[in-house]
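In what comes next, chain A is part of two complexes: it sits with chain B in the first one and with chain C in the second one.
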Partner chain A sequence: MHIPDGYLSPSTCLTLGAVMLPVWYRASAVVKKSLDVARIPFMAMGAVFAFLIMMFNVPIPDGTTAHAVGSVLIAIVLGPWAAVVAVSVALFIQALVFGDGGMLAFGVNAFNMAVIMPFTGYYMYRLAAGRAAGGSLRAVVAAGIGGYVGLNLAALAAAIEFGIQPLLFTAADGTPLYCPYGLSVAIPAMMTAHLLVAGFVEAAVTALVVKYVWKTAPEVAAPNGNEK
Partner chain B sequence: MIRRCWILLIVLALLTPLGMLAEGTAWGEWGADDLTAVVGYVPQGIEQADSWWKAVFPDYSLKFIGEGEAAGKIGYLLSAGIGAGLIYLLMTVYTRLVVGRRTLPVPEKKG
Partner chain C sequence: MNRELPGWLSGAEYGQLPVVHTGWWRRTGYLEKTLADIQQIMAEDMYQSAIAARTGVLQRVEPRVKLIGTGILLLAVALSPSLAALAAVHFLLAGVAVLSGVEIDKYIKRVWIPALLFAGLAALPGTLSWVTPGDAVVVFYQGTGGYHIGSFFLPEQLSVTRQGLMSAAFILLRAAASLGLVTLLVQTTRWPVLTKAIGGLGLPSVFVMVLDLTYRYLFLFLLLLTEYILGRKSRLVAVETPQGKLVWIGGALAGFFRMLWQYSGEITAAMQARGYTGVNHQSSPLRLDILDVCFLSIVVLVAISVWGGSCFAGNLNF
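Up next is the complex of A and B:
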């Protein structure tokens, strides 16, 4: 899901990059205000976890690969704004050092995996968990559902960003300048990979690790995963 | 408990070479060579972008280790460690700048 440079027009990258600036600013303000000192190291650990889990590529039947991200897990434990910061930092190092995701496309990748994913996954979790106590079976299952939904909506966003390129940007002779595939190819390809395979990996990772954190460090996880 | 979370991260880092087993590239992340094979040409924008940013360790491979499957796996494992270290460092700098100079509990070890 890490969009490389060249697949999106510079204008697409700049637009979503511009959207990210106030989001990062707000995330910092919320983190500064609400994250208590005891949970700070866990924010760094969350960023490291997201980086590592993204290295586990899983095979997709069509011959491509996909991976889990970990954003929803961080959002449930530390709050969605903390997830914005932690996952953005992981994506930044991936682009800068390992060329995984473009530098110009960094804002777009952050928008998909560090904003859409943690927020949609977190609110899906809240909806599914209801008033269930953190660590209860219902909350653990809800965390899995949140992970599944969050990853798939991030994948859908990436598919749309890929798919609108040939509609908007073509060379004089009509050949696409950037991503050559339109929505009718990009959406099925991205969604098959994530709905059928990677989404379940994300669900399992989110549910298991959230359960682990609730069990080993209950004081770290937000009570019922709420607030913050 | 913070120690147990570190253990989880270290185990995860040590297992990363398993993440290389899946063959193929993620959809939409093809290099110029793959694109020629898949679409038959390389769109102009992708061709131009191909060279503008050179990552230090592209695709989590450390060229100085050498080539081959074992070197690839070791490079991937070392990349996991390097990336994890850099991210931890950047997050620590970030939290110190943003959250302020409050005393931070220092974790015992890092992976």
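Up next is the complex of A and C:
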């Protein structure tokens, strides 16, 4: 899901980058308000956690492996605004240092994985968990549902961003200047892989980690999970 | 008293970390893959530190100027409507890499392998007439008419089109050029200097501090994760069930979350004990020398050449 440079037009990248500016401002203000001076190490450790989640190769049934993104998981245990900062920082370091995702497309990747994914997944989780106690079976299953929904909506956003490129940016002779796949190709291609495989990986990782965090560190999860 | 730094501290050479190489046909387990990924990141970081300590052309450019120059070129590459201009940028980047002490084979591997794998392969189906209609270059089949198989429509002809090839070439060259620019920036600038430069260009100091802390502790936790995985591997005597693998990953990540939370508290306490108040003075006055001015001038000239040609010809479409 890390979009490299070259697939999206600069205007798409700059527009979504501009959308992200007030989001980052609001996220840092919310985290600052709730955590005061402790915000800096907290945000940094959140970013390290996001990076570690993305590092883990998770086995999938065909014998290969996939990666979880972890945005919904971080939103559930630390709150959605903290997830915005943590995942954005992890994505920035990945793009800048390890070439994973484009630098120009950083705003787009952050919009998909650090905004759409944690917020939709987190509120889906809240809806599905209802008043269930943290760590209960219903809350764990709800976390999995949140992970599944969040990842798929982020993938859908990426597919739409890809799909609008040939509609908007084509040379006079019909050569697509950026992504050549229209909506009718980009959406099925992205969604098939995410609905059938990646979504379940994300759901399993989110549910299991949430379960163990409540089991081993309830003092951390409870105040930031259900009540934020 | 000897005031000279010991050789191991002052030298720019580095001990290369062993990287696990397995054939692409050989499927390795999730633990081995994760270990290999971590080793790759560690090796990459060591190499970057060694390159940043060398005295090449880019290492001598003021970091903020280098950052601005990279930004201008990233935009120019993304806007360029000319394949020839993009190809020229690649030759230029390779030349600058050599002048900055980056080994050319390592630069090519670092830029072109990910570009081909992540951007190139995904662009390949776009060369077909089914996705990008246009002038046929290679025809795979020619039927007498379109066929409907259920909701699937098989068109009259399947070919590689000139427009499709051009589109794929644009994507590949742009992705590789962007990766090359960012690689040269990061490899020739030490991380704390780079984040300070980003702060100097307006990023709030809170974020600069978060970036620095994240980068520093990332490697500590990657080392801990390596030990964790090696511990797991050394205890495995039977074949793991798929469920067992997922449960272990869940438990390991939850353990790391708890550890990170504790570290967060300890780092906060340590920072406050040293008088940290949340105010972070990062910026220093910008002093440009002749090399910085030359660098910026060349960057602007290259950017205008890469982006400008077709713009003046009235061909601009972005």
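Rule of thumb we're sticking to: the second predicted complex is superposed on the first by the 197 of 228 C-alpha atoms of A that agree within 3 Å, B and C clash if a C-alpha of one lies under 4 Å from a C-alpha of the other, contacts with A are read in each partner's own complex, and residues count from 1 in each chain.
What we mean here is this: a residue touches a chain if its C-beta (ideal position, glycine included) is under 8 Å from a C-beta of that chain, and two chains touch if they have at least 3 such contacts.
Values in this document were obtained by computation on a predicted structure and should not be read as measured data.
Chemist: Would you check which partner chain A:Val205 touches, where first means chain B only, second means chain C only, and both and neither mean what they say?
Modeler: second
Chemist: Using the touch definition from the top, say if A:Asp5 reaches chain B (first), chain C (second), both or neither.
Modeler: both
Chemist: Examine A:Pro61 and indicate which partner it touches, taking first as chain B and second as chain C; both and neither are also allowed.
Modeler: Only chain C is touched by A:Pro61; chain B is not.
Chemist: On the A-aligned overlay, A:Leu177 touches which partner chain: chain B = first, chain C = second, or both, or neither?
Modeler: both
Chemist: Regarding the shared-chain residue A:Ala186, is it in contact with chain B (first), chain C (second), both, or neither?
Modeler: First partner only, chain B.
Chemist: So, does A:Val213 touch the first partner chain B, the second partner chain C, both, or neither?
Modeler: A:Val213: touches chain B and chain C.
Chemist: List the residues of chain A that touch chain B in one complex and chain C in the other.
Modeler: 4-7, 9, 28, 32, 37-38, 40-45, 47-49, 51-53, 55-59, 63-65, 85, 89-90, 92-93, 95-99, 102-104, 169, 171, 175-181, 209, 212-213, 216-217, 220
Chemist: Which part of chain A faces chain C closely enough to touch in the complex?
Modeler: Interface residues on chain A, with respect to chain C: 4-7, 9-11, 13, 28, 32, 37-49, 51-53, 55-59, 61, 63-65, 77, 85, 89-90, 92-93, 95-99, 102-104, 169-182, 185, 204-205, 207-209, 211-213, 215-217, 220.
Chemist: Quick check on the complex: what are the chain A residues that touch chain B?
Modeler: Touch list, chain A to chain B: 1-7, 9, 28, 31-32, 35, 37-38, 40-45, 47-49, 51-53, 55-60, 62-67, 85-86, 89-90, 92-100, 102-104, 158, 162, 169, 171, 175-181, 186, 189-190, 193, 209, 212-213, 216-217, 219-220.
Chemist: Over in the complex, which chain B residues touch chain A? Could you list them?
Modeler: Residues of chain B touching chain A: 1-2, 4-6, 8-9, 12-13, 15-16, 18-29, 35, 39, 41, 43-50, 52-60, 76, 79-80, 82-84, 86-88, 90-92, 94-95, 98-100, 102-105, 107, 111.
Chemist: Considering the complex alone, what residue numbers of chain C touch chain A?
Modeler: 27, 29-31, 33-34, 37-38, 41, 44-45, 48, 74-75, 77-79, 81, 110-111, 114-115, 118-119, 122-123, 125-126, 131-134, 163-164, 166-168, 170-175, 178-179, 181-183, 185-186, 191, 194, 204, 206-207, 209-211, 213-215, 217-218, 221-222, 225, 242, 245-247, 249-258, 260-261, 263-265, 267-268, 271-272, 276-278, 315, 317-318
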